[in-house]
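Each of the next two complexes has chain A plus one other chain: chain B in the first, chain C in the second.
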Partner chain A sequence: MSCIYGLTLRGIDALPVEVEVCLTGGLFSISIVGLADTAIKESRERVRISLGTLGIKLKGHISVNLAPADLPKEGALLDLPIAVGIAKEVGFIPEGVNGIFMGELALDGRLRKVRGGVPAAFLARQLGLPLFVPWGNVADVSMVQEVEAYGCSNIGELFCHLRGEKTLQKLDFTLPQAKEIAVEPDFADIKGQAAAKRGLEIAAAGHHNVFLVGAPGSGKTMLAKALRGILPPLSDDELIEAMRIRSARGLPLETDRFRPFRSVHHTSSAVAICGGGIDLKPGELSLAHRGVLFLDEITEFRRDVIEALRQPLEDGCITVSRASGSATYPASVLLIAACNPCPCGYLGDTVKECTCSPGDIDRYFKKLSGPILDRIDLHLQIPRLTPEELLELDSDAENSSAIRYRVMRARSIQLERWRHFGIKCNAELTERIMKKYLGLSKDGRAFLKSIGASLRLTGRGLSRVLKVARTIADLAGDKAVKDSHLAEALAYRGGFSFER
Partner chain B sequence: MRAREIILKDIKEKTKKDLGNWGEDLASLVLSNMGYKILMRNVTFKRGELDIVAIDDDELVVIEVRVRTNGKVQSPIESVGPRKIKALICSGRLLIEQLGWEGPWRIDILGITLDASNADGYDLEYVKDVTLGMI
Partner chain C sequence: MKDEDLSVFLALNSLKQFDGNLIAALRLRSIAPSDLMSSPSLLREFTNSEKAMERWYEVLSSGWHLRELESCKKKGIKILVFNEEGYPSSLNRLSNPPLLLYWWGRLEGIKKFAVAVVGTRRCSNYGRRIAHMLGFKVAEEGFPVVSGGAFGIDEKAHRGALKAQGVTIAVFGTGVDQCYPSKNLPLFDEIKESGALISEYPLGTKGMPWNFPERNRIIAGLSDVVVIVEAPIKSGAMITGRIAMECGIETWSVPGRIDEGVAKGSNLIIFDGAYPLVDVDSFIHLIKGSPEGFLIGKKEDKAEELPPEEKQIYEMLREKGDRTVDNIAGECKISPALALEMLGKLESRGLVATTGPGRWGIRF
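Entry: the complex of A and B
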């Protein structure tokens, strides 16, 4: 009996699977046991034919056992370990070979790319075994440090390596480099809206949530999309965190270091956003981890979908529990929500009359509960510019890269300050750290005391104001949080006032 | 005796049974020329007969021989249907038990088509391991 390692994915983790192969006499047949799904059961044809291309003729009855027996296994990525196990059993490759193998086989022996390269590399590091992957997975596997990994394009090449006839090149640890790519639209393309731009700059600097409200055509969506261009590039840790989720979902990896930007349509279900399903897939919230989740027309979303965002927005992670098990996924996102001020869209507009009744407007905003609005730090009102203003304003506005420079400077101040706490940005601050190290000035404290009662802030509201004020101070390069910073932060929390 | 020497003189005179026996003779000759060691011929079981039992390398081989006269629509290989293969597997298993064989075994089909235009007077088709991918 021979035994080697394969793996199966569960959420964003790879679990080791021992592939045991036993050869006995009898008519030729391969039977696979161990809660394998249909894709794995079908692998026997791929394995038989691709081993045949190497001149290995299989005889007798081959039993393949995938252990642990009670763990459901899925996906074609177990093709390769089964083939290697059989080759080892028939003596084509030496007895002492061990390692973790993953990959789907083509009938001519080529290896096809599978999902889950990054989790597999983490598993290999944990077990301390060499990892063999298809050439298509090389980019994800080489993102993890201290892993002995090899990429091979076909099974013949791999067997030559295992037999010691030809050695494969060990993969080097490489991470994609940050590239300067112009993001469409640029902030310089957006005319006017200085207040909104300032708000987005603060949001980008501290990873705070934003709510944009304005008439149709005022530029909400454009502003939200431009935010991507001013976000700082992903750091090494953040990149791996984000790529681990993408890799487990089988999505193409980023080749630059842009933060994820997931724009979700309002017909999406709670499962699509939070994650779930039989195989506990991570949802959009997790795919947007360390990046932006953009909910355009948030009032059109189903109420349960919006409410489901409450806990992850606060904790930065989401635990998905289903009958088949539970999994916790990271979900630290910058939420941008956008909507109109009323169903017709023109409440408070300078040009067009609003036709909604007060009841209509009430109903429209009922979708957004207090708890959700309380979690959004920056409420930005986007006024509509008249055609004259649009034509008159020339594009001498700052471009995205200039803003990004300031954002990155503010982020590096934060990173340096919170380094010992493992916190990356102001939005992640906890109460205890804030109490001690926020750096609230005497003036600031007095200012908050004098104005606090009239604002009716909640406990969370207050701490969120402090976080935003901290970010504003960081952008200004101030060590202490002053009353002016607090005043600006409070202004963004004021809610909306539209006049007919 | 060489394969060439067994040539059907006059097909019309032969009965179906004669044709079968002649085919099996030819088949054992061809197989032993291929290096197979012929163990048994015409082993009868309840579900049917095994034409030839031979040993190829380390593998026991059960060979079903089919003869067809030229002009028939179906090739001799195609004439072995799923039911016959099931019967062969069944009988094969009984044989394995009887012999106490523990190694791998397989089922092959040798098809012989009589063809006057050919120099030898027949065409050979040999299919190895017919149950491949079936079980």
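Entry: the complex of A and C
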């Protein structure tokens, strides 16, 4: 009997699978046991023919056991370990060979790319075994440090290596570097909307969640998409965190270091967004980890979907529990929610009259509970510009990379300041830290006292204003939060009722 | 008036057949309310409607009128009968004054010079702003404001008056104990405190579409000046305006843009002879009868004490109306961040507010 390692994916983790092969006499047949899915059951044909291309003729009854026996296994990535196990059992490759193998076989012996390269590399590092992957997975596997990994394009090449006839090149650790690629749309392409642009700059600098309210056609979606271009590039750790999830879902790698941007349609289910299913797949929230989750027309989402966002927005991770087990996925996102000011979309518009009754408007916003709104620091209102106003505007707007530079500087200030508290940005500030270490200046304190009564700020509303003001001060490079910063933060307080 | 007589009038009013003229007719034939009680068939002399007679007998036999009086007393709702003490004499100008009024609130303001501010529910931001300003300034001078209870112009006029801590009167097309539209309940409670909710309909009457035009004659009748803020051609405010003009009540209308349906009626009524309201302050001067007459009066300037940057923005918004941050930053030649900062400061002073998504304007 021979034994080597394969793996199967569960959520964003790779679990080791021992592949045991035993050859007994009799007529030729292959049987696979160990809770294998259909793709694995069918692998016997791919394995038999691709081994045949190397001149290995199989005889007798071959039993393949996938252990642990009670773990459901899925996917064609077990083709390669089964083939290697059989080759080892028939004596084609030496007895002492061991390692983790993953890959799907083609009938001519080529190896096809599979999903889960990054989790597999983590598993190999943990077990201390060499990892053999198809050439298509080389990019994701080489993102993990301290792994002995090899890429091969066909099964013949792999067997030559295992027999010691021709050595494969060990993969080097490489991470994709940040490239200066223009993100469409650039902030310079957006005419007007100075207030919204400034708001998004603050959001990017302090990692604040954003709410965009504006009439149809005012440019909410375009602004949300442009935000991606002013976010700082992913750091090494963040890149790997993000890639681990992408890789487990079989999504192509992004070669630059732009943060993920996931735009979710309002018909999506809670499972699609939070993750789940029989195999506990990560959802859109996790795919947007370290990036942006954009919920356009948030009032059209199902209420349970919106409420499901509460806990992950607070904790930065989400635990999905199903009958088949539970898994925790990272879900630290910058949420952008957008909606119209009323069902017809034209409340407070200068040209078109709104046709909604106050009851309609109430119902429209009923979906957004207080707890959700409390987690969104910046409320930006997007005016719908009239044609005359659009023509009036000068077109010398700043481009995204200039703004990104300021954002990165503000981020590094925050990182330095909050280092001892284990938080990275102002959005994560807790009530307790804010009370003691926010750094309000004297005039700031006086201003805060004067507005508290006149604007009827609630406790939560006040702490949102303070967080945003801290970020504005960081953008300006000021140590203390002054009254001017607080005054600007007030302008992003929002609310849905307009003084009419 | 004795309770028995009051209940007779409540019963008569519930038939929806009679107006204040009935009182004169009864007096002409020297029929006292108690006579109607003892011989109900006397009423046949005043109506040809079989249905009304049927209902009359039904009311008297079931004792509805007694229960109605009882529940009015319990709630503190006063009943003012035509030509009796307390009944607003200004309603006599109408050809069909209400037989009686349910009056919930304070009786002050009945005898005073009152100003009606009416307009459509679906009004523009401009209309809301003017209604609020009118309500505020009229009430500030001590004149009661009269209007309906609907959203839009009515609501804003009441709110303006309440803000000035003045007297405001809401005339309902439903029973006074009904809250229609229900979202205005807090507003009505506030009005009850300082002014009054009034109606000619029995308690519990739901809002029937034909009640509201009828109600409008009371708004006009109670007032000495009627101002139409914004009204399309077909609207309740136009009915109020027409009634006012027919009765010789001074009628004003706020000019609106001529290409907007929402101001078509209020513009038309100017053509038909209403005074155009071109300046709120001079309007106030005129109704006060002050010697300055049609001069633009003195204005207290809120901008005077502001720091220069805030003053610049405040004055710009006052001159040019609602603006986006782009406009403000461009026209004042400052950065958007600074513009937002100044708007935040002005907002905390209660001088500006958002009037629509991303648009800022001054507050009154």
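Quick note on the criterion: the second predicted complex is superposed on the first by the 435 of 500 C-alpha atoms of A that agree within 3 Å, B and C clash if a C-alpha of one lies under 4 Å from a C-alpha of the other, contacts with A are read in each partner's own complex, and residues count from 1 in each chain.
Heads up, the rule we're going with is that a residue touches a chain if its C-beta (ideal position, glycine included) is under 8 Å from a C-beta of that chain, and two chains touch if they have at least 3 such contacts.
No experiment lies behind these values; they were computed from the predicted model shown.
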Per-residue contact with chain A, leading partner among chain C and chain B
C
Does chain B (first) or chain C (second) touch A:Glu45, or do both, or does neither?
first
Is A:Ala120 touching anything from chain B or chain C once the two structures are fitted on A? First, second, both or neither.
neither
Taking the superposition on A as described, I'd like to know which of chain B and chain C A:Ala194 touches: first, second, both or neither.
second
Touch check for A:Met102: first (chain B), second (chain C), both, or neither?
neither
With the two complexes superposed on chain A, say which partner A:Ala204 touches: chain B (first), chain C (second), both, or neither.
neither
Contacts for A:Ile403 in the overlay, against chain B (first) and chain C (second): which applies, first, second, both or neither?
neither
Based on the superposed arrangement, let me know which partner A:Glu389 touches: chain B (first), chain C (second), both, or neither?
second
Figure out whether A:Ser218 sits in contact with chain B (first) or chain C (second), or with both, or with neither.
second
For A:Phe28, is the partner it touches chain B (first), chain C (second), both, or none of the two (neither)?
first
Applying the document's contact rule, which stretches of chain A touch chain C when the two form their complex?
192-198, 213-215, 218, 341, 347-350, 353, 355, 357-359, 362, 380-385, 389, 392-394, 447, 450-451, 454-455, 472, 483-492, 498-500
Which residues of chain C touch chain A in their complex?
122, 124-125, 128-129, 151, 181, 183, 262, 322, 324-327, 329-330, 336-337, 339-345, 347-350, 353-359, 361, 363
Write out the stretch or stretches of chain B touching chain A in their complex.
58-59, 89, 92, 96, 101-107, 129, 131-133, 135
Which residues, counting only chain A, touch chain B once they are in their complex?
25-29, 45, 48, 59-61
